[in-house]
Amino acid sequence: MNLRRATLSGPVAPPPRGILAALLHHPSGRWGVVLGAALAAMAVAGPWVVAHPPNVPDYAAALRPPGSGYWLGTDATGRDQLSRLVDGARRSLGGALAVSVAITLIGLIVGTLAALAGRWVDAALMRFVDVIMALPGLIVAFAVIGLLGPGYVNLLIALIAADWAYKARIARACAFDAVRSPAAEVSRQFGVPEWRVVLHHVLPPVFWPLLVLGTLGLGGQIAAISAFSFLGLGVQVPHAEWGAMLADTRFLFTVAPWLLLGPSACILLSVLASNLLGEALRDLATPEGRS
Amino acid sequence: MTAPVFSVTNLSVTHGGVSILHDISFDLAAGECLAIVGLSGCGKTTLMRALLGLLPQSMQVSGDLRTAAGTVPLGNTRVLRRRLGREIGFVAQNPFDACAPLRTVRAHIAEAWRAHGLTPDHKRIIALCNRLGLAKHMLERYPHEWSGGMLQRANIAAAIALSPPVLLADEPTSAVDADMAERVMSCLRSGAPGVIVVSHDLPLVARCADRVILIEDGRIAAIAGRAELSSGRAPAPLYDFIRTGQPPCPAPPAPGLNMLDVRDLAIDRGGRRLVSGLNFALQPGKILGVAGPSGVGKTSLLATLAGRLPPAAGVIVRGGQTRAPRQGEVLVLFQDAVSSMNPRWPVSRIVSEPLTSANGRQPRRDRPDAIRQAMGAFGLGHINLNSRPGALSMGQAQRVTLARASLAKPTLILADEPTSALDPRQKSAALAGLARLAKAGAAIILVSHDRAMLRDFCHETLELRADAQGCVNPAARETTPASTGLHILPETPA
Amino acid sequence: MGRALVMRLGQAVLAAFGASLLVWLMLPLAPGDPVDMILNAQRVEEPTDQHIAALRDRFGLDRPLWQRYLVWIGGVVQGDFGLSWRTGEPVLSGLMRRLPATLQLVGLSFVISVAWSLGLALVAARWAGRWPDRLVLAYTRLLAATPSFVLALLVLQFVVVGMGIGLVLSGGAGATLIIAAAILGIDRAAGWTQLLRAGLLEHLARGPADVAKARGARPGRVLAIYALPAALLPWMTALGISLGGLIGGAPILEMIFTWPGIGEHVLTALSVRDVPVIQAFVLIAVLAYVAASLVVDAMAIMLDPRMRHARPA
């Protein structure tokens, strides 16, 4: 509807250069970047900064409340809570990142291949995707863990298996439209070779939605890794992971309530950061949102 | 003139300190039809939404609305709401967009009463249907089962259900087939004592309007009665406005070899013969208009000429040979220009894409000059070359595709309703761009359902008609480009 | 309508068949010899050859794969999922004994979730952009970032324990059920609220709502009559899809609240890889999910006149 569209006459301000500048410009993206950067810094640099080893028990220092020496207190075996949080960040955040990157790549490849190949390749791939998508993701993850047994790597494989089909379906839909879009049609009419049409007019409209979904899904992956670890199906003792740490404190409610706060806050803030970032990216990825 | 039934005084709208509408006042007499016209973005839509209390809270509205029932401040939506429907009936542009798809049309009409907590008067609904020529049994059907013209009349029935003295209609015929438009307009006129029509198509509304108000930049630029308008005594801005919508006169086609020769062409789609026995020839610079009702095969004809749909019979001769089009030879212009551009690319890259292809390759260092030249030639010199398509107006976007086409140098351009989303000024600028492409040697086929535009702009018009058997009887007829097709424009405007 | 429904039913049957094939494939796909897995599940350290042969015979491990699938699917259709590797008891009776408690939890949390998100979304859309909307947005954003088990732990710690540790225990099964279902439901409601609010706002800005407002309808009426029905249809479909999350999220809350549902049973099976139990759990969950989304889609087809009259090509 042409009446709703604002008409601009005269020079138009150029859009903010670069994705980071645009994110910092966005009201919720700003907070997402700050939170995400803080958490990433904690995962990358944290282990060199903290004073205590994360996995070595020290029964003399068990269940110390937060204070000097142990800023966030110690758990039942005297391990420093802060060191374990920092150590756990690598497994929670790194694992979620790995899962998201993997499913985005798988989705991109499978979806784009199906749309480009067409005919029976498309039909066969998409029917398979349909069957996988008829299974709820969490249940698929349970099944794969049942198949491979509990463990951190098995958990990551399970989460990838649970989510890739959805991404492939989205990628295929976007690629299908993009291959036939007027922009691609016009490009072909100019005589632009097909590989360049795909590179310029097909892959970007597939990649952007997947990036947005991947970022939004990051929070879900963090939550899933900690939930499965909480259930004892993911990260195994003695390694630290936020969900597993919560499981350890489950019977210490009344004795050491501080043990609950650190992992809970870490999970909450990292999911929040990924949601904020994803929302901002979603706004920026719609072409109108960028101008 | 009798006493006004409806008057608006000192209506102003500001948004964040920026004035959108400035001090608008007008009256409407009983039995009068008033047309409010202007280009898109001039403020006529804001004016209409202000009268209906539909502006967002962030806009400050001042001014009064006076009817027989008293005076209402337009800024007070709560008070204004009680008058809506009873004092002003509203007919929206697109009838399908106006009806809730999950409710029957009867419920849609009954909503006129229910909105004010009244019991629907079903006898009156039936009476209204009889008056407007609607079948009673259709009332229990859902909007998607109706035709556009019928549904627009049902909308009028809903708007006049509470007998408001004034009907406010937003482009009431633009979404309706041409043959139904007259009927819709006459229903509007007979529906209420006073009618206000908001439109950007002055020649269309001038046929039925008693008075015309022209809005420019949020102000009333001119008011004129019908007699003044046709006698040439109306204020000058009105004639300027009419002239902006006039298509330019393209240069005559180059005589000589036919670059495209279509002989006895037949096209099938879905097992049905859409077009048969079609003959025409195009020379460089020739502009051929194609008109016809929707579904008659206009789009299929374009697909066939573009080489994407094989003809069912007949031959298409290109440059003396019967062959498929070569790459870069045929170019399609789409109705939605924005969708035919990569939304992530800056305008400069979009325009120069043909220069990167095999048959139009130009060295990288020559491209900026070529881009600037093309942009300037299509009146886009002031556009920032780094802006993205989303920041362009519809008219600018369509001209960017034309500038791009000029660099691709196709021999045949197929344009599918390239102007239907544009306002008069944008439209004439886009047509001027097409004429420029024709002058540069391209033959153009222009598909549109705007017959007046085709008659004025094209060298020749092809009328596709579905005949009684469901087949098509094409009839090419020569028409000289008329100097003006607008009956209200005098030969020498004042 | 009939054809659309039949086609949707056909899809559901196909999905259920595909799922059963995948679920059964778990066994041949699982790394390692099933016999070792069985012995591991039964915690038998040094089995005799005789014992192994008995196991092979009992679980039908010597037959070809296709025969085993036919035997398995034939049993499943009759409600026989085989024997648990760990306990040797029939899988189905073990699950069925605990299923009603889980269904109570999931059902109650679903009702709470729908009611809560419906109410919040309506409030947010009615006062869009004003403080009730901002409050709802901030609330949903916070809760969407909190996994249900974290919320459950925090509530247990700071509300239940804070109010008195005995409450959950002394309140009995009823109180535990209500608290667990409320936490699961309210947590799930955050995303559903955001979804419905977005749908309501979208439909409030569309033509039919504009026309209703231009006829003098009150904002509440426009919301209830024009935006809500139109926004509810796609929302219902989304609910059907995310029902799987509710089923999958139940075991973790059952563990936290020691609710006697299938959660603990399944978790034990998962940790010792008791494949028949896992297979049965996955298949039952998938069938419930397929049935739920079938019901939701059928409702959408029956409620939407456009789909009701659509003639599939």
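Which chain is which? They are A, B and C, in the order written, and residues in each are numbered from 1.
Note that a residue touches a chain if its C-beta (ideal position, glycine included) is under 8 Å from a C-beta of that chain, and two chains touch if they have at least 3 such contacts.
These figures come from a predicted structure and were not determined experimentally.
S.K.: Report the chain whose CA-based centre is farthest from the CA-based centre of subunit A.
M.R.: Using the mean of the C-alpha atoms as each chain's centre, the farthest one from subunit A is B.
S.K.: Could you tell me which chain's Cα centre is nearest to the average position of every protein Cα atom shown?
M.R.: It is chain A that sits nearest the middle.
S.K.: Across the interfaces B-C and A-C, which one involves more C-beta pairs in contact?
M.R.: Of B-C and A-C, it is A-C that has more C-beta pairs in contact.
S.K.: Using mean CA coordinates as chain centres, what's the gap between subunit A and subunit B in Å?
M.R.: 46
S.K.: Give, as an integer number of Å, the spacing between the C-alpha centres of subunit C and subunit B.
M.R.: That pair's centroid distance is 50 Å.
S.K.: Calculate how many whole Å lie between the centre of subunit A and the centre of subunit C, each centre taken as the average of the chain's C-alpha atoms.
M.R.: Comparing mean C-alpha positions, subunit C is 22 Å from subunit A.
S.K.: Residue numbers of subunit B touching subunit C in their complex, please.
M.R.: Result: residues 52-54, 57, 81-86, 88, 90, 92, 94, 97-102, 111-112, 114-116, 142, 144-145, 155, 158-159 of subunit B touch subunit C.
S.K.: Would you tell me which residues of subunit C are touching subunit B in their complex?
M.R.: Result: residues 129, 206-208, 210-218, 221, 225-226, 229-230, 233, 303-306, 309 of subunit C touch subunit B.
S.K.: Can you list the residues on subunit A that touch subunit C in the complex?
M.R.: So the residues of subunit A touching subunit C come out as 130-132, 134-139, 141-143, 145-150, 219, 223, 226-227, 230-233, 243, 246, 250, 253-254, 257, 260, 264, 267-269, 271-272, 275.
S.K.: Mind pulling up the subunit B residues that touch subunit A in the complex?
M.R.: 40-41, 45, 327-328, 330-332, 334, 336, 339-344, 353-354, 356-360, 382-384, 386-396, 401, 404, 408, 410, 421-423
S.K.: Contact residues on subunit C for subunit A in the complex?
M.R.: Counting only subunit C, the residues touching subunit A are 14-16, 18-19, 22-23, 26, 29-31, 141-142, 144-147, 149-150, 153-154, 156-157, 161, 165, 243-245, 247-249, 251-252, 255-256, 266-267, 269-271, 273, 275, 278-279, 281-282, 285-286, 289-290.
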